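Got a structure for you, written out below as C-alpha cells; questions coming shortly.
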Amino acid sequence: MIIPIFFSLSFLVSSTNAADFCVGDLNGPVGPAGYSCKKTVTVNDFVYSGLAATGNTSNLIKAAVTPAFSAQFPGVNGLGISIARLDLAVGGVIPMHTHPGASELILVMHGTLLAGFMSSDSKSVYSKTLNEGDIMVFPRGLLHFQINAGKTQSVAFVSFNSADPGIQIFHLSMFANDLPTGVIAKTTFLDTAQIKKLKGVLGGTG
Amino acid sequence: MIIPIFFSLSFLVSSTNAADFCVGDLNGPVGPAGYSCKKTVTVNDFVYSGLAATGNTSNLIKAAVTPAFSAQFPGVNGLGISIARLDLAVGGVIPMHTHPGASELILVMHGTLLAGFMSSDSKSVYSKTLNEGDIMVFPRGLLHFQINAGKTQSVAFVSFNSADPGIQIFHLSMFANDLPTGVIAKTTFLDTAQIKKLKGVLGGTG
Amino acid sequence: MIIPIFFSLSFLVSSTNAADFCVGDLNGPVGPAGYSCKKTVTVNDFVYSGLAATGNTSNLIKAAVTPAFSAQFPGVNGLGISIARLDLAVGGVIPMHTHPGASELILVMHGTLLAGFMSSDSKSVYSKTLNEGDIMVFPRGLLHFQINAGKTQSVAFVSFNSADPGIQIFHLSMFANDLPTGVIAKTTFLDTAQIKKLKGVLGGTG
Amino acid sequence: MIIPIFFSLSFLVSSTNAADFCVGDLNGPVGPAGYSCKKTVTVNDFVYSGLAATGNTSNLIKAAVTPAFSAQFPGVNGLGISIARLDLAVGGVIPMHTHPGASELILVMHGTLLAGFMSSDSKSVYSKTLNEGDIMVFPRGLLHFQINAGKTQSVAFVSFNSADPGIQIFHLSMFANDLPTGVIAKTTFLDTAQIKKLKGVLGGTG
Amino acid sequence: MIIPIFFSLSFLVSSTNAADFCVGDLNGPVGPAGYSCKKTVTVNDFVYSGLAATGNTSNLIKAAVTPAFSAQFPGVNGLGISIARLDLAVGGVIPMHTHPGASELILVMHGTLLAGFMSSDSKSVYSKTLNEGDIMVFPRGLLHFQINAGKTQSVAFVSFNSADPGIQIFHLSMFANDLPTGVIAKTTFLDTAQIKKLKGVLGGTG
Amino acid sequence: MIIPIFFSLSFLVSSTNAADFCVGDLNGPVGPAGYSCKKTVTVNDFVYSGLAATGNTSNLIKAAVTPAFSAQFPGVNGLGISIARLDLAVGGVIPMHTHPGASELILVMHGTLLAGFMSSDSKSVYSKTLNEGDIMVFPRGLLHFQINAGKTQSVAFVSFNSADPGIQIFHLSMFANDLPTGVIAKTTFLDTAQIKKLKGVLGGTG
C-alpha cells in the first residue's frame, strides 16, 4: 500500500527550498545580503555559459575580465561564491586592483602570468611567475595584479568567496572620474602633470 | 514633575525593534538571510505549540519529523536557531540524512535511540545508544541517523543553529524523484535492480 | 582486483577531519573562536549524559540551570550550538538574565512556565504561560525570565546558537560582587537600602 | 583613439555597486540583514551631522544618548558599524544597559567618566575612571554603565560593530512598561515597594 | 631630508600582517577557525603547483579528486576559499557526495560532464550536461555528482567558499567502514544483500 | 540560611568568561580569528590611553595615524571592533588607502576635513567637507582619503568593525618596497619617471 508512504514523505519534507538556495531576482528588492529570491527556478539558473568565450582584448590593457558574479549569474546569490575569466593577450595586464572584502584564488589555464600582491605592512611584495596549472591566493582586500609574462595569449580563472566581490581598479578610480587633480596629488604623491595626462587618456575630469 | 522624564525616555529608546528580532512575513519578499520582517508582532509570534502533539508514525519509517523552522514558526526568522520533534514508534527510524550547513543537537525525551554520524574521512563512524536525558551533537552537514533501539515509543527533540536548516534525506533524494537509474547506479555503486525496486516503493521515475 | 580501489579511495579522502568538527581540548590554548581541537576523539566526545539528572533546586531560587556548553560538553566547541536543562521546583524561578549574543529557544518538558522577554524599545513585554510541549524563542541578548507557574516540579530545555552563550544574571551581576552601592543606585534608580539588603543576602560588598 | 579604451573600461566594471554598500531605504522591506537598498545615492547618504549638537540633558538621568544607527543614518545599513554620542551633565549617568549582540568602544571627548561592565561570571566588575582621550571596550551583550565622575559637562562617543546595536536599559525594561510587579519581584529579588515606587516614577503599570 | 619621512612611514604601518592573512602552521595548534598562523612566510606559501598534473584515474571510479584545501595548501587557511581538480577518464564518475557547509562552483576545462544536485525537498533534481567553459554552482551541503558524459578524458576545477570544505562521499561513508549492515538497511532502505556486496568491494565490515 | 544560596549561585554561573571576551595574549599562538586569550585579566586590559596624545605630524604627510587595534590594545581581540586617532596639521593628509574587509566610520573632533571614497564602479566619487561633529562612513575595502581642508590642526577618530582592520596605503604599497618599476608602470599606467621619482622619495627599490 503506497498511500501512507507518501503521507510520511510529504511530512518529512515540509521545509522549503529556501534553506538550500536563493537564486537572485534581479528585479526584486536588494538587501545587504543580496538579491531577493526568485520564486521558480530550473537547472538553467545554476548553469552559466558566459565564461566559455574568449574575452575581447582589443583595448588599452590588452586584457578582459568576464565576471560571473550575482548580477551576471544570479544562481550564486546568497551562496558566497563566484568566479571570473581573465583573458590576457601578449603584453596584456590586469591592472592593480582590489576586491573589497573577498579573497581570490587564481588558476592559470593557458600561458604564463606574473602575479603578485602587497600586504598591508607596505614592505612586502609577494609576486611570482605562474605557469599552467598553478594556483595562487590573494588575501581579501589587498592590492594585486596579473601580467601576461609569456609570448602567447593567456587565460586564467579567478574564484571569490563572495557572490559579488566587486572590483576596484586603481587607475580607473583615480583617473576615470571627477576626483579633482589636486586631491589626487595630495593623497597619492603623484605629480600634477602625471595625473592630468592619465585623466586625459582615461576620460577623467577635474 | 513627570513630563521631562518622558522626554528623556523616548529619547533614549529611539532605536527601533529591528535590532532585536525579525519575525518572518511569509508573504513578503525572501532574501538570502531569510524572510522579510512582519511589521506588527505579539507574543504569539514567539510561541509555538505545534510540537506538543505526537507525530503520526503510521508510515513507512514508523517515525515522524515535526519541524519548527522559520516556515512553520516565523518567530525564529533571522535568529539562527530552530527545533524539531522526532517521534519513533517501535522499529521506527529517522533515515540517513544531512542538514546543509547546520549543526544538530539531539535530546532524548523518552525511550532509547541508536544514533550516529559518519565523518568525512569515510573511515569513522560515531554511533551510540542514547537513553532518556542523553544529548548528542551531529556536526554541520554530516550524514547521520536515529533508530528506535528500544521496545517503546520514543520521542526526541533536535535543535539547530539555523532558522531553516533543511533536511536532505538520502533515500528520498535518490529514489523519490526523476534522477535516472543509470545516473544513480554510476554515482552510488548500487545495483540497477536495487534502484528500480526502491524507485517503485518511493514513487520515483527514471 | 581490489588494491587499486583502495589507492583511489585514500586519494579521495585526503582532506582531514578538521573540516568536520573540533572537539575542545580544555587544556589547550583558547582563542576567540573557542578551544583548540583535541587530536583524538571517540563517540563519547559527542555524547553527554549530564543533563539526565534533575538539578538540585534546594536553593534561593528553587531552581537549577545545568549547562551543556563547551566547557562541560567540549563536543560542541566550534559548532555554534549548545543546550541547558532547567529545573524549577514549585515556586521556582530562573531570574532575569541575558545571554550575550546568543538566541535561546525553550522547550517545556513538564509543568507550566510563565516566560517572557522585553524588547529594547522598553515599552514592550512579550510574556506568556507555556505548557508541556510549547516552545518559545528569546531573541539574542534580550532580558528574559522563566517562572514555574504551576503546582508541580517543572523541567525545560533551552537551546542556544552558540557553543558558549554565557549567562548574565541581573541580581548576581548587581548584588553578588563588589560593584559599589552608590554606582548601583545611580545606574539603576534602586534605593540604597534595597541595594544593601540584597548585597547582604547575595554576598556582595561595597 | 579613445573609444576602444572605454569599451574595455565599461567591460571591466560590469559588477554593480551592490558589492560596495547598501544605503537603507527606510520605506522598503526590512529583512534580518537590515533595510533594503536605496536605488540612488549621493555623498549625503554617507555623511551625518546629527551628532554635532549637544544632547538635551534636562531630564531624570541628566544625560542624553544621540544615536547614529541605521534608522537615523541609513548609510551604515549593511556595513556592520555605527556610533552614538553621549552627553552627561554634572551628575549625569548612562544607566545600566546592554546592546544585544554588539560590542561597544567608548572614547571620552571631554570630562571624566566612571565606566564599567560586569562579566557573566557575576563575580567580576571591570570599572575605571576614564579621562579625556581614554578608550574602553565593553564586550558584546554585557551590562555596562557610564557616570559623569567630574565637575564639568562630559561628552563621549561610543562605536558599535553593528549598524543597529539596540539599547536595552535595565530600569526602563523593568519599570516603564506593564511587566507585572509580582513577576519583577520574583525574577529580580527586589522588594515590591521598591518596584512600585519606580513604576510610579517611570510610568510603568502592573 | 628623508629621515622624518621614514619615521612617519613606520608609524603609519604599525598594524601587523595578521590583518591580512594567516598561512597555516600544520604543526601548531588547530582551532575552530583553522590552523594557527606561520610566523614567517614567503610568496611560495601563497602559490601551489599540485593541481598542474593529471590525477591518477586508474581506479574504481576512473576519476581523481586532487584537493588544494588548507591541509595541502596552507596559504588559504583562514581565507575562506579553496579549490580542487577533477580528472575523469572516459566512463569516470565523481560519486554522489556533499561538502558540509561549503558551496561549490565547477568549471569544465576539457570534455563533457553530466552534473547535478538534489535540493532538500527530495522532489527536485537539477542536472545538466556541461561543456567546456560552462560553470555550475552546487549550493552548500547538498548531494551532487559529476559524470564524464563524453568520449574523452575530462578535466574540471571546483572552487569552494571554505578553506577546508571536506568531502563526504556517500558510498564510502556507507560501505567502507564498520557501520553495521543492519543499521544501513534500516536507514537507507537498501537490501542486505546489496549492502554486503558493496561492503565487500569497498572494504567495509559489520 | 545563606549557605544553600551560594551553592545555587556558583551552580548558575558555571560557564566560564570565555563566552564574554578574549583579551589577546600577544605571545601566544595566533589563528585566523585572532590572538589566543590571556588567562588572567584586569580592567586595565579593557582601557587604553594611547590615543590621548597628539600624534607627531612632523613628517611628509603632516599627519599621523595612531591605531588602537588588537596589537596595541589587546582588549579588542575577538570583539570585532577597534579605533584609531588621526592628527592632521595644516596641509596634512591621510593618503589614499583601504582597510581590507573592514568598514570605517570617521568622527571629526577638531577642524575641517575633506574626506571621500570611490565606489568600485570607478565612475563615482563620494567626497564632502566635514566639520566638527560630522561623521562619515567608508564602506568596507574601498579606497578613501582625508585631507585637512582648514587652517588649523585637525583631529578625528576612525572606528572599524574589526579588531585588526589593517591599513593598505597606496603610495607606500607601490613605492616603498621592491615592486619592480616595470610592473608598477604596466599595472598603474604611471610613467616610469614618476615611479622612479617616488621610489626615491619613499625608499623603494627595483
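Order of writing sets the labels: A, B, C, D, E and F. Residues in every chain begin at 1.
One rule holds for everything that comes next: a residue touches a chain if its C-beta (ideal position, glycine included) is under 8 Å from a C-beta of that chain, and two chains touch if they have at least 3 such contacts.
Predicted model only: the values in this text are computed from it and were never measured.
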Any chain that touches chain C and chain B: D, E
Minimal step count in the chain contact network, chain A to chain F: 1
Contacts common to chain B and chain F (chain labels): A, C, D, E
Far-end chain from chain D, centres as C-alpha averages: E
Identified repeat of the B-C interface (over half of residue pairs identical), from A-E, A-F or A-D: A-E
Fitting chain A to chain D on CA atoms, where both chains share a sequence, rotation angle to nearest 5 degrees: 120
Chain pair with the higher count of C-beta pairs in contact (C-D, A-B): C-D
Cα-centroid distance, chain B relative to chain E, in whole angstrom: 25
Inter-centroid spacing, chain D versus chain B (mean Cα positions, whole Å): 35
Separation of mean Cα positions, chain E and chain D [Å, integer]: 42
Interchain centroid distance [CA atoms averaged], chain D/chain F, Å: 21
Interface hub residues of chain D, defined as touching at least two other chains: 9, 12-13, 15-16, 19-20, 29, 31-34, 79, 100, 116, 119-120, 122-124, 127, 139-140, 142, 162, 166-167, 169, 172, 176, 201-202
Overall pattern in which the protein chains touch one another (line/ring/star/complete/other): other
Pairs of chains found to touch, sorted by chain label: A-B, A-D, A-E, A-F, B-C, B-D, B-E, C-D, C-E, C-F, D-F, E-F
Contact set on chain C toward chain B in their complex: 9, 12-13, 15-17, 19-21, 42-44, 46-49, 51-53, 68, 73, 75-76, 79-83, 103-105, 107, 109, 116-117, 119-124, 126-128, 130-140, 142, 157, 159-161
Residue ranges of chain A in contact with chain F within the complex: 93-96, 98-101, 114, 116, 118-120, 122-125, 127, 139-143, 145, 147, 166-179, 183-184, 186-191, 194, 197-198, 201-202
Footprint of chain E on chain F - complex, ascending: 29-34, 55-56, 58-61, 63-65, 67, 69-72, 100, 162, 164-167, 169, 172, 176, 201-203
Touch list for chain D against partner chain A, complex: 2, 4-9, 11-16, 18-20, 22, 28-29, 31-37, 77-79
